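Below: a set of structures, written as structure tokens.
In the two complexes that follow, chain A is the common piece, with chain B as its partner first and chain C second.
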Partner chain A sequence: MPLDIKSSVEGTTGRLKLAGELDGASAPAVRTEVEKMLTNKLDRLVLLVEELSFMASAGLRIIIFAKQRQPQLKIYVVKPQEPIVETLKKTGFYDAVYVQDSEPGEAAAQ
Partner chain B sequence: MMEPRIDYYPTHEYQGFKFRRGHTLPFGATVVPSGVNFSLFSSAATGCTLVLFRKHEEEPMVEIEFPQEFRIGDVYSMIVFDLDVEELEYGYRMDGPWNPSAGHRFDRTKVLCDPYARVVGGRDIWREEPDWEKRQHHRGRLAFNDFDWEHDRPLEIPTEDLVIYETHVRGFTAHPSSGVSAPGTYAGIREKIPYLKELGVNCIELLPIFEFDEWENSRKHPDTGEWLLNYWGYSTLGFFAPKAGFAATGRFGMQVDELKTLIKELHQAGIEVMLDVVFNHTAEGDHRGPVISYRGLDNKTYYILTPDGWYYNFSGCGNTLNCNHPVVRNMVLDCLRYWAAEYHVDGFRFDLASILGRDQNGAPLSNPPLLESLAYDPVLSKCKLIAEAWDAGGLYQVGSFPAYGRWAEWNGKYRDSTRKFLKGDTGHVGEIATRIQGSPDLYYYRGPTASVNFITCHDGFTLRDLFSYNYKHNEANGENNNDGSNDNESWNCGWEGESTDPAVNHMRAQMMKNAICLLMVSRGIPMLLMGDEFGRTQHGNNNAYCHDDELGWMDWALAQDNPELLRFTREMVRFRHQHPVLRSKSFFEHRDRVGSGYPDISFHGTQAYWPDFSPGSRCLAFRLDGAHAGSPDSSIYVAMNMYWDGLPYQLPPAGDGKSWKIAVNTSMPSPHDIYSTSEAPFLQDQSSAIVGPRSMMVLVADSQ
Partner chain C sequence: MPGSDGPSLAVAPQAPCLMNEITLPGTLDSLEPIRDYVAQNAAQAGLDKSAVYKLCLAVDEIATNIVMHGYEEAGLSGDIVIAAGKVDNSFQIHLRDHGRAYDPDAHEQPADTDLDLPLEDRRIGGLGILLAKDSVDDLQYASGPDGNVHRFVVNLRQDSQ
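The block that comes next holds the complex of A and B.
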């Protein structure tokens, strides 16, 4: 299933909506998009992944990449499906991001 | 802004792939700006070709021959640009002579795995049957060093304080009774960290986790049709790669992160991680075995060969790694440094380590360079190094392993003599007195922490089986019960195998408690085997290397069946942690060094100060003086009665105006078999105590 990527930046918040499968083949496009977003000074990166059914290691490494580029960046993973939550947990990424059911409010960026 | 480096521009192009000469070091595949550096050693090849694949695809996307000018010395190196590092797999084809009698086995038709591959693909999912038609099963992949360790580093727990728990990654949680969400994996162990913490162990020693092939020498049992696999994994494919099949996320290529997460969380719980490493042989076997890597890259360098090119077999597994060849020695060093630095591993236990002390002709060396290098290596300086100080070629070095003041050993003599003593054999009291002191006869110049004390380990009977079987029962291995040791020093307590006789089962439970108690009051490093704390059984199988099934797994339901033993073990481990007098880097001196009026250790028999070392004796007691502990501690008295009847033991004084409290009495039913310090009752008669038949009693001095 191809990956659909939609991105936007509002103020200091970057939003990336991913739908489909984030595998090794589609990861470079996501990374390019994240790189583009990180040219702005962001406080938070919101990954809207409700419709993302699969995330390979390449996808998880994009989270690390974003963290390395901007260590203060808060990364929110919104509405991940169960297999993605499990992978995040087992590989230790779960503690590096905020996993939640809805987009963070303005206060979360403080 | 820093200018882009000139050495990261391509100079060559082939079929659309851009490349240039690479860096000779480090060996392996390393991500560099805009590309990947590939570096490989071969002393006898005449040419080398890099073979690149997209992950899981059978046909390569390109094969790039190393231009001759890319070879420096015996090292081929190349940087290839613009590769998708997440989707990349690679291997090598080597040109060179096929001349087995001269030691050369080059074969250009084979694509070979990189000995330095940080990840090895091909067995990503445990027990998923491979496509046997595939030409090449194991390919290198890249690993990324971007794991967030936060403030973690190896724990450096003082060696004398360790309590090791030997376990198998899969076997620990594969059983459905484990109740974890990812059975049989690194993540599964992570869910059991609270259990380990409660048990009190502060080091887990993992059976091999370097990438291996569970399908190596796989077969079906002729009678049952069950698959018998290379379950234990003592057969390394890739020394730098973690076993993908042990990761719940191995199918996604995330085994590196999953293992690192486990180690980080174990460290947070105060538990060290020790790896059982196998450098004595590889998975390629002898001349009939598969060509995976070393054989095709540089057979003569990597293996110890006979003068006419056959494989020496000091490992019992077909080949012997040529560990004291300088190139192989460096590979071993690089490997261990990598695991210590990149995975924060706290120590290593070396399987059949005596092989590491053999020269290139197989003869034992008096000053083996590899062992010396490991002992003095700056990166490994705080790592625990433990040798299994024997090999399958007949070299037995317990007590004489070249240690350089650093190496500890699995003390096989502790295992053998404690087993004999515990089952009531006569003539062993003198040796037991030596073993419980940390075996000064073996390790006088190294100290008691050179002695890893164990009564059971993965190799042999479990503790429950040690007291349930007189003979091995390895029929399930499909080798007509010919495999496994016949020399077990076990005792079935009157009935071979499972029993419904309460008296037999009572005796077995008591014997297990005796063993755990003896282990925990002995100076040295105690090691427990996974599951012994609640009576795990392999039904008399003393060589369960091939059983990825209930025989090899830990049945957690036994914790409910045997809560008394589990409680006893936990309390006994806690007792050891509470009493520094039981743990020391130094041997006893059998004299009063601090003016307490008592020697650091004194031996006794049924009469105080009269130990009976005669050939017919089965009794021994000893008093440890708390004032000699180095930090404030109570004196402890331990009485061991392996005679079949209860005996009165005259007690030495508790000293310093104190009285004896009963901490442990293995002849009593739970909860009176072991007490916490605050609950322990004082002995009514402070001059003597009846020690029950085949039991142990431990007393602690305290103020009334």
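The block that comes next holds the complex of A and C.
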């Protein structure tokens, strides 16, 4: 299933909605989108992944890339499907990002 | 040119012949059809949804390495031959290629302590092999004059045989 990518930046929050399958073929487009978003100084990067059905390690590398580019960035992973939660846990990402069922409220950026 | 001999390479020693073999170009565009092939055959073999996903992940990670490191970085081109089938009490996927040898055991994986590091201090490499190995019961590799073979083994539960 091709990957659908939608992004927006509002203030210091970047939102990236991913639907479909994120693999080595689709990852470069995601990374380009994240790079564009990070031309702004962001406090939060919110990954809306409810409709993301597959994520390879290429997706993890994009998260590392974003954190290395802007270490202050808080990364939220919203509504990941169970297999993606497992991937985040196995690789130690689960405790390094905010995994939650809804988008962060304004207070979360404080 | 190495990597252009197509699907005629012999199966590596001791590799059982599997069914339903297909040949795809060794490019990133083949990752999705490879996952589709794995998912379809694994589901038919009786693997549950979670095991199917994990097998797809393992095969995808290694296929990505074959394309990126075995073919593209080495300046080679060629195919990936994929086969699936039941062997004794296991379901297996075999990936064969003619690229530069890419032994998953020969590449450093993140240590447990690395996985606890803050993301900004993490190294990029090794996560794919970690996921591939962790997602199947066994991942075997052999390389020889006839090419490279990765074997993904998922042990079948009694009720899925």
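What we mean here is this: the second predicted complex is superposed on the first by the 110 of 110 C-alpha atoms of A that agree within 3 Å, B and C clash if a C-alpha of one lies under 4 Å from a C-alpha of the other, contacts with A are read in each partner's own complex, and residues count from 1 in each chain.
Convention: contacts are C-beta pairs under 8 Å (C-beta built on N, C-alpha and C of every residue); 3 or more make two chains touch, one makes a residue touch a chain.
Here the structure is a predicted model, which means the values were calculated and not measured.
Bringing the complexes onto one copy of chain A puts chain B in a clash with chain C.
Once the two complexes are laid over each other on the shared chain, residue contacts for A:E21 go to chain C alone; chain B is not touched.
Taking chain B and chain C in turn and counting the residues of chain A each one touches, the greater count comes from C.
Looking at the shared chain after the overlay, A:P71 reaches chain C, while chain B stays out of its contact range.
When the shared chain is aligned, chain B and chain C each come close enough to touch A:T87.
When the shared chain is aligned, chain B and chain C each come close enough to touch A:A96. In the superposition on chain A, A:I63 makes contact with chain C only, not with chain B. With chain A as the common frame, the single stretch of chain B that clashes into chain C is 253-261; none of the other options in 163-171, 217-225 or 253-261 do. When the two complexes are superposed on chain A, the residues of chain A that touch both chain B and chain C are 24-25, 56-58, 60-61, 64-65, 67-68, 87, 90-93, 96.
The touching residues of chain A, counted against chain C in their complex, run 1, 21, 23-25, 54, 56-58, 60-61, 63-65, 67-68, 71, 75, 82-83, 87, 90-93, 96-97. Those residues of chain C whose C-beta lies close enough to touch chain A in the complex are 28-29, 31-32, 35, 50, 53-54, 56-57, 60-61, 64, 67-68, 110, 114-120, 122, 124, 127-128, 130-131, 134. Chain contact summary for the complex, chain A toward chain B: residues 24-25, 27-28, 56-58, 60-61, 64-65, 67-68, 86-87, 89-93, 96. Only residues 55, 84, 86-87, 144, 146-148, 181-182, 185-187, 190, 247-249, 252-254, 257-258, 260-261, 264 of chain B touch chain A when the two sit together in their complex.
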